[in-house]
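Shared between the two complexes below is chain A, which has chain B as its partner in the first and chain C in the second.
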Partner chain A sequence: MQIRTLLAIGAGLAMLSIASFANAVKPEDNQATREKGKQIYEQACLFCHGAEGKGDGPAGWFIGRYESPRPRDFAGGSYKFRSTPSGELPTDQDLFRTVTQGIPSNMPPFSGLSEEERWQVIAYVKTFNQAFKGAKPTALVLPNPPGPPSDAGIENGRKTYIKYGCQNCHGDNGYGDGKEALDGNLKDTYGLMISPGDLTERASLKNGSSAQALYRSIMTGLDGTPMPSYADTIGGNDKDVWDLVYYILTLSQEKP
Partner chain B sequence: MCAGAVLGTAWPVKRVPDYSIGKVPTVFTRVSIFIVALSILCGTLVTFLLAPEEAQAIPAFARKYNTNCMDCHTAPPVLNAFGQRFLENGYQLPGTEDGGITGKKKLGDLNLDDVNQYLGFRLVGNVTSSWNFKQQNPPGADAGVVENKTEFTFPQNFVLFAGGTVAKNVGFFVELGHEVDEGGAEVERGFVTFNNLGYRNLAHLRVGKFDPSAFYSYVTVRQQLNNIGDSQTSCSGTYVPCSYNRVGLAPSAFATKFYGLYDRSGNYLSPFTSSLYNSDGETGVDIHGRPFGDWFLYQVGVLNGANEHLGDSNKGKDVYGMIRFDYARSNYFSASLSGFIYQGNSNAKVQTQEDVNWNRYGLSARATYMMVDVYAAYSVDKINNTPTSVAGLFDSTATGLTIGADTYVTSKTLVSLRYDNLDAGGMLDQRVSSSFIGVQAKHFLRANVAILARSDFNLRQSEDGDTAARNLRNAFFSGIDVIF
Partner chain C sequence: MAGRFAMSVQALVRLLSVAVPVVMIGLACWSPLLATPQSSSESTGPVIVGRVLYRGPVPAPIQIEVNRDPDVCGRTMSMTTLSVDAAIHGLQNAVVHVELGVGEVSAGIIASTPVIVQNKQCRFHPHVAAALMGAEVQIINDDPVMHNTNIIVDNSTALNVAMVAGGNTIKKRLKKSGLHFVKCNVHKFMQAYRLVFADPYFDQTTETGQFSIAGVSPGLHRITVWHETLGVMEKDVQVPARGTVIVDLEYK
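Here is the complex of A and B:
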């Protein structure tokens, strides 16, 4: 590993670790807010997610066609992009992040809506699922990275990658061409074929490609997909997780 | 731009060729055409399939938003409900005014990635075109050769387009097209949009050269079966009818429909060229919006006339209005119904060089459910001031009907079907109606790379003698469509 590369990762990591979405001042979640949210939803979101939030909007079928993904079913489906433990609802901040950033290759970022409008639409989206009523989803605590990556740490990350069977789906080199993927065994909860993330293409990682975002994906999993949470297995060993994160980041390094 | 045709007999200037010397196609020729076309198709397919699959290959707008072509398209270039609203909003995401964020950058801040987000290219055309005529066409032109013809024709069309936003609620689009056969390049469309005037979705303004039918249920410039131009045997001089070797294959509802109309320079107007409201590009001003919610769209516009390159005398402006009703809620279903009136003003001439007012009235409907997209358009063209000099010789009414359907049979294969019926108007001794049905299979090797095979069949080939509209039995094409 070139020291230059390590420095680049370290610098990027430092920047990414401090970059977070400001918890913008949220309007109170009341009827008026939800009404405004509904108006925005019907202009911006309905075409994919459908009038009742079931992910069956008039344009929703074409994104994956006969394969995954389809637009999120807010009403009954699980939520992929969370900072909460697997099986739980996302926090408002998780929803805000997804609306703002979009989902690479699938959903455009709606940062063109004002922050207030985004919070309003989130308040409305939550009305589709009764489970949000009174729920207070709590994010997992994501620790700060222990420091810049090292050669030894990255090597440990590679071993961790193999130990936990990441290559079965993501492939030996992270191209998303693991045996399970090639054999067509990977399906989402709707029974649609789904492709594992190509770890060599950071821009395509749907839950974010920063070190913290990767850490979060490993710990929370992507509910509704074959990507499980590793919180109960590797979760007790922060160093291994961070080494794994660093290793994954090296997979997408520019080739000399 | 091709001019036109005469399929009749009485007009004194040009004679229609005598098609009586026919030959029956040999089995050998048919097999040859099939083998050549199939070889090219297979070669192309193998080449692309052996190449490594890329993770993502997306054109300009998808690059800009780092998203999927299929967010906006049912199958490029046809838009789905979301893509339609994106277009209406001046290349801003529906419900937003994000041009303020994704728009203009300072020159020093620009990099190649930014430029990439504004530019797109499309290279499209049939690699081979095979024609099968009832008789040698024109007869005797190529002694000893049977009636089947196969040509290598790729590339036919190369398009460079740039579009996006320059600021909040200010968008632009420029499309530079190069027809390889005809040479040169032309600004097919080029316009600026000013959006969300008054309040959100009340009014969006387009200024420049644009496709008037952009918001119609069935859009002229978004076809799965690309237009195949007509072929003329002779077409020279002003106010001189042209003879056709072969009719054009284009949506009849959008076509000129009349035989015996001329532009202001005296060039014969092809009955198969898209025109008026359904023109590929006209210069003027246009306003559209959804002031009462998503269910209703209005559009009004003023144009120089019947497409400048077709030639309007420009004594008066042409005006049009369109309304559209939408249902797009859930269950992967959407539907729309549209109607328009286009009022022409001295926008064409007849043989005597007199101006006529050429109008069009149209209806269109579209329904999309999951993998199936069905659409239709019907239009009536009327000339309401037929000069007395051609009275009794000129049918002032013509109609066109186009019905189409696309469906994905696999995740990457789209099958399309289109029926066209042209009940032609114009000079009675020239006009010939025609009906075609076309079927196409298009396989997307990537989101932006497709190969296709298509066949068009003439449904009226046995009627009314051997005119150019009848003589064509069927046509087979294999092609490539690349957008990057």
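Here is the complex of A and C:
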């Protein structure tokens, strides 16, 4: 259990390192950068996200037609994967992370593009939504995880799982089979049916499965979905959240 | 005789000492009613007053079976989406907005009134409210169970926050205008609406369907009415430079 948890922490730290390095090669957001980004977008993104970024590309027409998720509507839709508070735009770093990692079962990782190319396409994607103009999205403070969890901490995490109502959607054992899911009550902001994450399958978690990624998802929520942000209501009770994160990691059946 | 006169004077003084304040208080209380909209509008420009009416059939409240937390929410939930005053057919909880052109909206108006979203007995209170963009929304959970408050504008999340039992009041700014649909994903029957405008020319109808909107500029303006189940209705109104325009808006 502790080895798996340490691996999850290690993966998170590795991603932080990648993100820090990526920031070092980020080109200036100017017309030339956006023009290059447009060329990449038309090759790599348009097929799903559409020429105007509305999530209505040739493939986007049928992807998510009857069940969430649809390809992201860059022009006005919600951004699920952020480090910012609920309802806010993502940071550039958030967009870079999603482009680099992809989204399990939905979007391939574009790590085949150079880092500069990824930044260029991000600069272009932001032109679809006027809200980005002049905006400076600010990430929540997402601390590094504390040391390896204790059994008492895991037990507190289990209680927190119930206190925060996680079982309503994710189920008692994290399989994504909570009552709200089974009753078909969970819908995205377009009214499409949406399934909660299966917490026992780390690889399937769309916003990442490292300890940091889980912490981030709990704090920011996933906009466009029923998953709410807990950042405000828990008011700095970090210990409960980390205990919850470690408890969720114990639900995974994956071997280290 | 002199004594009786003195007693009469004393009685008169006592009578006046009681009667004058009573009359003054009475006048003070009546003054808003006695003042005509014409006089009150002279300093602030024209006023649009009126009623939103509905004479159609009013459905009985819907009884929804509660599938979660019945100890707090009850076994069934009675939902009334159409509240009409039986005597004058006034429609409650409609939101009336006067649309002004570019340059006609007063600048520098600051939203000072907070917008409340109270989770109480598995309902959002109030069910409908109108607000100025930039206002602070305060979300409160008074229930001993968890809710979430998921506010959606134009198919996009404006705010989705977990409301743990006993958790903090959450305070955020309303950054977008438009119809804000408020829902709880834990209790699917919990729904509410906040209508957010970029200008202050709106009002929400009272129990008798009345509204009043002051401060609009003279000219031809379109009035838009929104209601949860009856939808949107529009009417053009000519607003004079001064005085009161009386407008009755009826859902057919």
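Criterion: the second predicted complex is superposed on the first by the 224 of 256 C-alpha atoms of A that agree within 3 Å, B and C clash if a C-alpha of one lies under 4 Å from a C-alpha of the other, contacts with A are read in each partner's own complex, and residues count from 1 in each chain.
Following the convention adopted for this analysis, a contact is a pair of C-beta atoms (placed from the backbone, for glycine too) under 8 Å apart; a residue touches a chain by one contact, two chains touch by 3 or more.
Not measured: the values here are computed from a predicted model.
Asks: After lining both complexes up on chain A, report clash or fit for chain B versus chain C.
Replies: Verdict on chain A: chain B and chain C fit.
Asks: Quick check for you: in the superposed arrangement, does A:Glu67 touch first (chain B), second (chain C), both or neither?
Replies: first
Asks: Taking the superposition as given, does A:Pro228 touch the first partner, chain B, the second, chain C, both, or neither?
Replies: The answer is second: A:Pro228 touches chain C but not chain B.
Asks: Have a look and say if chain B or chain C is in touch with more residues of chain A.
Replies: B
Asks: Taking the superposition on A as described, I'd like to know which of chain B and chain C A:Asp56 touches: first, second, both or neither.
Replies: The answer is first: A:Asp56 touches chain B but not chain C.
Asks: Regarding the shared-chain residue A:Ala44, is it in contact with chain B (first), chain C (second), both, or neither?
Replies: The answer is first: A:Ala44 touches chain B but not chain C.
Asks: Touch check for A:Gly76: first (chain B), second (chain C), both, or neither?
Replies: second
Asks: Between chain B and chain C, what is the tightest CA to CA spacing in Å in the combined model?
Replies: Closest C-alpha pair between chain B and chain C: 17 Å.
Asks: Following superposition on chain A, which residues of chain A contact chain B and also contact chain C?
Replies: In chain A, no position sits in both the chain B and chain C interfaces.
Asks: Could you please specify the touching residues of chain A with respect to chain C in the complex?
Replies: 73, 76-78, 86-87, 163-165, 168-169, 179-180, 183, 185-186, 189-190, 221, 223-224, 226-235
Asks: Mind pulling up the chain C residues that touch chain A in the complex?
Replies: Residues 67-68, 141, 146, 148-152, 154-165, 167-168, 170, 172, 175, 185-186, 188 of chain C touch chain A in their complex.
Asks: State the interface residues of chain A toward chain B in the complex, per the touch definition above.
Replies: Touch residues, chain A against chain B: 40, 42-48, 50-52, 54, 56-67, 102-113, 176, 198, 201, 203-204.
Asks: Under the definition above, what is the set of chain B residues touching chain A in their complex?
Replies: 55-56, 65-68, 70-74, 80-83, 85, 92-102, 200-201, 294, 328-334, 368, 370-371, 408, 410-411
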